[in-house]
Amino acid sequence: MMKGPELDKMWITMGPQHPFSHGLWTLRVQVDGEIVVDAEPEIGYLHRGWEKECENRIYPKIIPMADRLCYSASMTWSHLYCKVVEEALDVELPDRARYLRVVADEICRIQSHLMWLAAVGTDLGNLTVFLWCLREREFFLDLNVRLCGQRLTTNYPRIGGVRNDMPYYFERDCMRAVERFEKALWEIIAITDESSLFVNRMKGTGILTREQVANLGITGPAMRGTGVDFDIRRDDPYAAYGEIDFEVPVLKDGDSYSRFRVRIEEMFQSCEIIRQAMAKLETIPKTHPYRIKVPRAVPEGTHVTRIEDPRGEGLMYLVSDGTDKPYRLKVRSPVFVNVSAAKPLVMGARVADIPAVMAMIDMCLGETDR
Amino acid sequence: MGYSGLLEWVKFNNPMDNAYYPYDVYNLPYDAGAKLWELLGGLLGWLINLLVPGNRLSTWLISDAVVNAFAIIFLAVILFAVGFVVNLTMIWEERKVLGRMMDRRGTKIGPLGYFQCLGDGLKTFMKENVAPADKDKKIYWWALSLVIGSSVLIACMVPLSHRWFVVDYSTGLLLIFGIFALAPFFILCAGWAQNNKYSLLGGIRAATLMISYEIPMLILLASVVLMAGSFNINDIVNAQFDTMWYIVPQFIGFIVFVVCAIAESERVPFDLAEAEAELVEGWQTEYAGMKWGLIMLGDYFRGYTACALIVILYLGGWMLPGIGATAVPELVFLLKIFAVFFIFIWARASLPRVRIDQILNIGWKRLMPLSVVNLCIVLLLKMGGVF
Amino acid sequence: MSSDAKIEAPSYNDVKALVATKFPKTVSLRENTKKNSRADNEKRRIYFKADRKVLLELCTYLRDKLNFEHASSVTAVDWVDHMEVVYHLSNYFNGMLLEISVDVPLDDLTVDSVANVWGGANWHEREAYELFGIVFKGHPKLERLLTPKYYEFYPFRKSYKLRGQE
Amino acid sequence: MAMKYLKDEKPRKFRGTGVIKPLWTVLKHMFKTTIHRPVTILYPYEKEWVPDNYRGRPGLRFDRCVGCGICVRMCPTTCIKLVDVEDDDGNTVKRPQVNVGRCMMCGYCAEYCPMDAMTTTPDYELAEFTREDLVYGPRRLHFEMTTEMMEVPMEEHLPSNVAKGIMDKPVAFYNTDKPVLSKEDCIGCSKCEKVCPTNAIKMVVIGQNERGRDIKIPEIDNSKCICCENCVLNCPKDALHIEEVL
């Protein structure tokens, strides 16, 4: 029998100018009616050659560039860059800098997660979640402004410490924002997690097993929602995370809903971390150093370090050749790997599920394409 | 009729003396329409009569039937205009209330931001008329016109009070429902004609949505009609005034009807046909510029009709309990429509979009049994002699 | 300790000893010489230099027996006279980060693909292929990913100069 | 620490009623915002407060600047250029000019400025009609209400001090790092003297060569030096280098 063209299936190109793709990328899906039977992500629209650009710049000039890797997690990226150079220089950070970095990182994590939750709201068709989340995010951006003078591209960490100490009354503002946020987050939970329509959209979609997740290299909350109990902050501590007591939420269901719940709990834990770090910062005298002087040139060698980005594992691999410019700087972006797993994530889902499933990856194309 | 003065042709008769006068009471817009035709038609008849004296056309032009027909059409245009203004107000209300619910301010142009919709309408007018090259041309344009046209038509059918209405057939309600249910078919056609996968999916979704929501809606309509004992809108409203608002005995029916009405007018929790997160703009994707503006307007017309139906069926229409028809029953009716529309906005602000299989589940497994339960309650009440 | 049993969370010394016995000549260990890095971090980093002939075998061994389930990154470095492919693997149970570097001569830029060992290495290898021109043998879909399909050059090689670079 | 959100696994009792709580929350919120006004501000009419250390466009205090060019070298986007302008006395001097269209507001120029002449400003409304208008000359860079917070001080600690336990002696690289001369390479061209913006370098005669000409080498006055590296970069024989103090 002759087999004609598969007319019952069609390819749909979603992106790069599609409302669900938060950024410039394309997801080509093949659908049979409303069921997805094949998918293929395409990226590269934003490829700037970031790693190559860095080979042309002296070390301090790369910090503002690292901010631009991801618009909402700029703090962790510049922190990661500073960390890898510090490991290359073999310097030890002063206590004050370590705790300040923890505070800055967690503020960044909360606002990045809020940006994610806002995007989930729009992907599922509820604009109220979007605006409420952005309203809460504004308080953390205000903290960013107070701390480092800019809302998104913070340029705060420096090689050997941080740019400046806390401004006056920062502890007070920070505590107020955190306390206010914890109350407001329950309100947001009331219209997301307590709404059965919202939960039904996420439950049972995008299911992956623990083995699949480990093999595909998915990291971050998407991994912890699938039962892998791994958080670099706890298991490979950096900055001052080793001295802070916090929980790593892990759920075993492996669907979008558990990823959602993991991220919500992570926001509460970040509040707790900020609280503890602030309490600790009060015990360190204000005159103590927050930034130490480092040499301009980095000794020869290769260095690798990683950090827990809001989206997963961020890793930088630095090859230095003894000059004041890096020989090679490799960025391992969590979203780059997570989006490569788009096919197993959306297979078998409906077209309406694609935004809900891919929203849990929390796309950020700046760091994906680099 | 011989050659005579103009005043013999333009008589300005009392409209109530018209043999076809459809109303029981004096109707101002009808009167205005009738007088306008007497002026225009009388002038025309006089002129024709000057040229060709004694022709039958001139006499027909000022006959009762023509005057009545013109007055009814005039009334329909007036009702459309009212519906148009109500639509603008509803858009404004939606923006403002949605703004407050989302902690925003809503529109700010003009007094309380009312002129924003006018500005938006002007903007869509200015836009370039873009249409895909590979479209199915006839269906593309006809489906668009019919979607908008049917929406406008039902909006004109909605009576504003016992004295401001166009149709008074005993099956007026059925007519509205019938045209209401036509639109998804045109949407399916429009989705096909655009030669776009998103709009095709959107069109199919609209059709799917229709079959799962029409049936509970019609069962609910049947229970209301059963309770009132008539398909006539006026009778239903009067029956509610005589006993009580039907929201009280048929509370389940009210809730189910609101859900169905939201789905029927394709508003947010059930706007699958134009789910912007996955289908860009669904079946409206390739309708750009003013076409989209008109579709939007048609959507709001459908929302307006859905609200009006809820008000008529469950909230006592233009009557107030204990008072009856006030001096301006139209205003009472419109205020009730705005109140019902508030529920629509509220649902939009707090609920996410439902998936297509879930919507079928809700439609067939929840709303359908609930509407049957509602019907049973009505039957019990009716048999028990309460109504 | 038998070498067949799967070890869930191998310690630094376990990995060192087991790999040394299993691949005596082809894999060498590089000791970390940093002083100031914290001692606990120190024991979570292992640096290996492997011969590219045993790479696939080594990787399968590390995944199956030593439980390095996660391939963090695969990247390449252009050393002008030769290329180097660097693998970073991690273990979820003790947070260990293992680095394998493999030298690739310029006249034969091929190395075995590990995309079938770790699915997460798939795109990293594609990226290394398009930016450095290293061919990963056995890769399921070795195509250009970030750069346009019609590109003919490998932009991250040192021979590719940026504007303003001598 | 305990989980705050995942701890209470309450089974939802009435499954179909899961829409009541969100509806109620939103309604409550609507009343709240109607009484207390929404949080949004009407941007062009109302402006949000920004702190003093806000990094808007760069500012310049003309009288403090010495034209050393550190900002030019540190700018990641190379949007700063030294241009010739007349100062108040009519002399031609070199002062930075910023192309704000390329500026990414990182604040490095203010941070690394040894004279605290470059500052950050809270000025972020920079739209202009042409690209040329976006180029801010040295005089236009001036910002009226410059406060101390905008100077962005650089407070580093020397690792050697920290190791010794001296915790309250912050330094900046321009106070510690100094150029050092290796005498055998110097040819006495006195180029360093010409390019030094603070006149810290003076050529001194240390003897005479066999043909009777003066042998000159630069003498560096470390109290005046701001470590701008101009002498190092301009030395034709690489006789100078910066010695870093750590």
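A, B, C and D are the chain letters, set down in written order, and residue numbers restart from 1 in every chain.
As a working rule, a contact is a pair of C-beta atoms (placed from the backbone, for glycine too) under 8 Å apart; a residue touches a chain by one contact, two chains touch by 3 or more.
These numbers come from a predicted model, not from an experiment.
Novice: Which chain has its Cα centroid closest to the overall Cα centroid?
Specialist: Going by the distance between chain centres and the overall C-alpha centre, it is A.
Novice: Which pairing of chains gives the most C-beta pairs in contact?
Specialist: Chains joined by the most C-beta contact pairs: A-D.
Novice: Measure off the straight-line distance from the CA centroid of chain A to the CA centroid of chain B, and report it in whole Å.
Specialist: Each chain's C-alpha centroid was found; their separation is 48 Å.
Novice: Where the CA atoms of chain C average out and where those of chain D average out, how many Å apart are those spots?
Specialist: Centre separation, chain C to chain D: 39 Å.
Novice: Between chain A and chain C, what is the gap in Å from one C-alpha centre to the other?
Specialist: Their C-alpha centroids are separated by 24 Å.
Novice: Distance between chain B and chain D based on Cα centroids, please, to the nearest Å.
Specialist: About 64 Å, centre to centre.
Novice: Please set out, as single numbers or ranges, the residues of chain A touching at least two other chains.
Specialist: 91, 128, 135, 191, 195, 197-198
Novice: So which stretches of chain B touch two or more other chains?
Specialist: 101, 103-104, 349-351
Novice: Quick check: what residues of chain D touch more than one other chain, meaning two or more?
Specialist: 16, 19, 22, 25-26, 29, 39
Novice: Could you please specify the touching residues of chain B with respect to chain A in the complex?
Specialist: For chain B paired with chain A, touching residues are 98, 101-104, 197-198, 201, 268-269, 271-272, 275-280, 349-358.
Novice: Tell me, which parts of chain D touch chain B in their complex?
Specialist: Where chain D meets chain B, its residues are 16, 19, 22-23, 25-27, 29-30, 33-34, 38-40, 42.
Novice: Could you list, by residue number, the parts of chain B that touch chain D in their complex?
Specialist: The contact residues of chain B facing chain D are 97, 99-101, 103-105, 108, 346-347, 349-351, 366.
Novice: Which residues of chain A touch chain C in the complex?
Specialist: 43-44, 47, 49, 51-53, 56, 87, 90-92, 214-219, 228-230, 232, 235-238, 242, 302, 304, 306, 313, 315, 317, 319, 327-328, 330, 332, 336-337, 340-341, 369
Novice: Any idea which chain A residues touch chain B in the complex?
Specialist: Within the complex, chain A contacts chain B at residues 10, 12, 14, 18-20, 34, 121-132, 135, 191, 195, 197-198, 200-201, 350-355.
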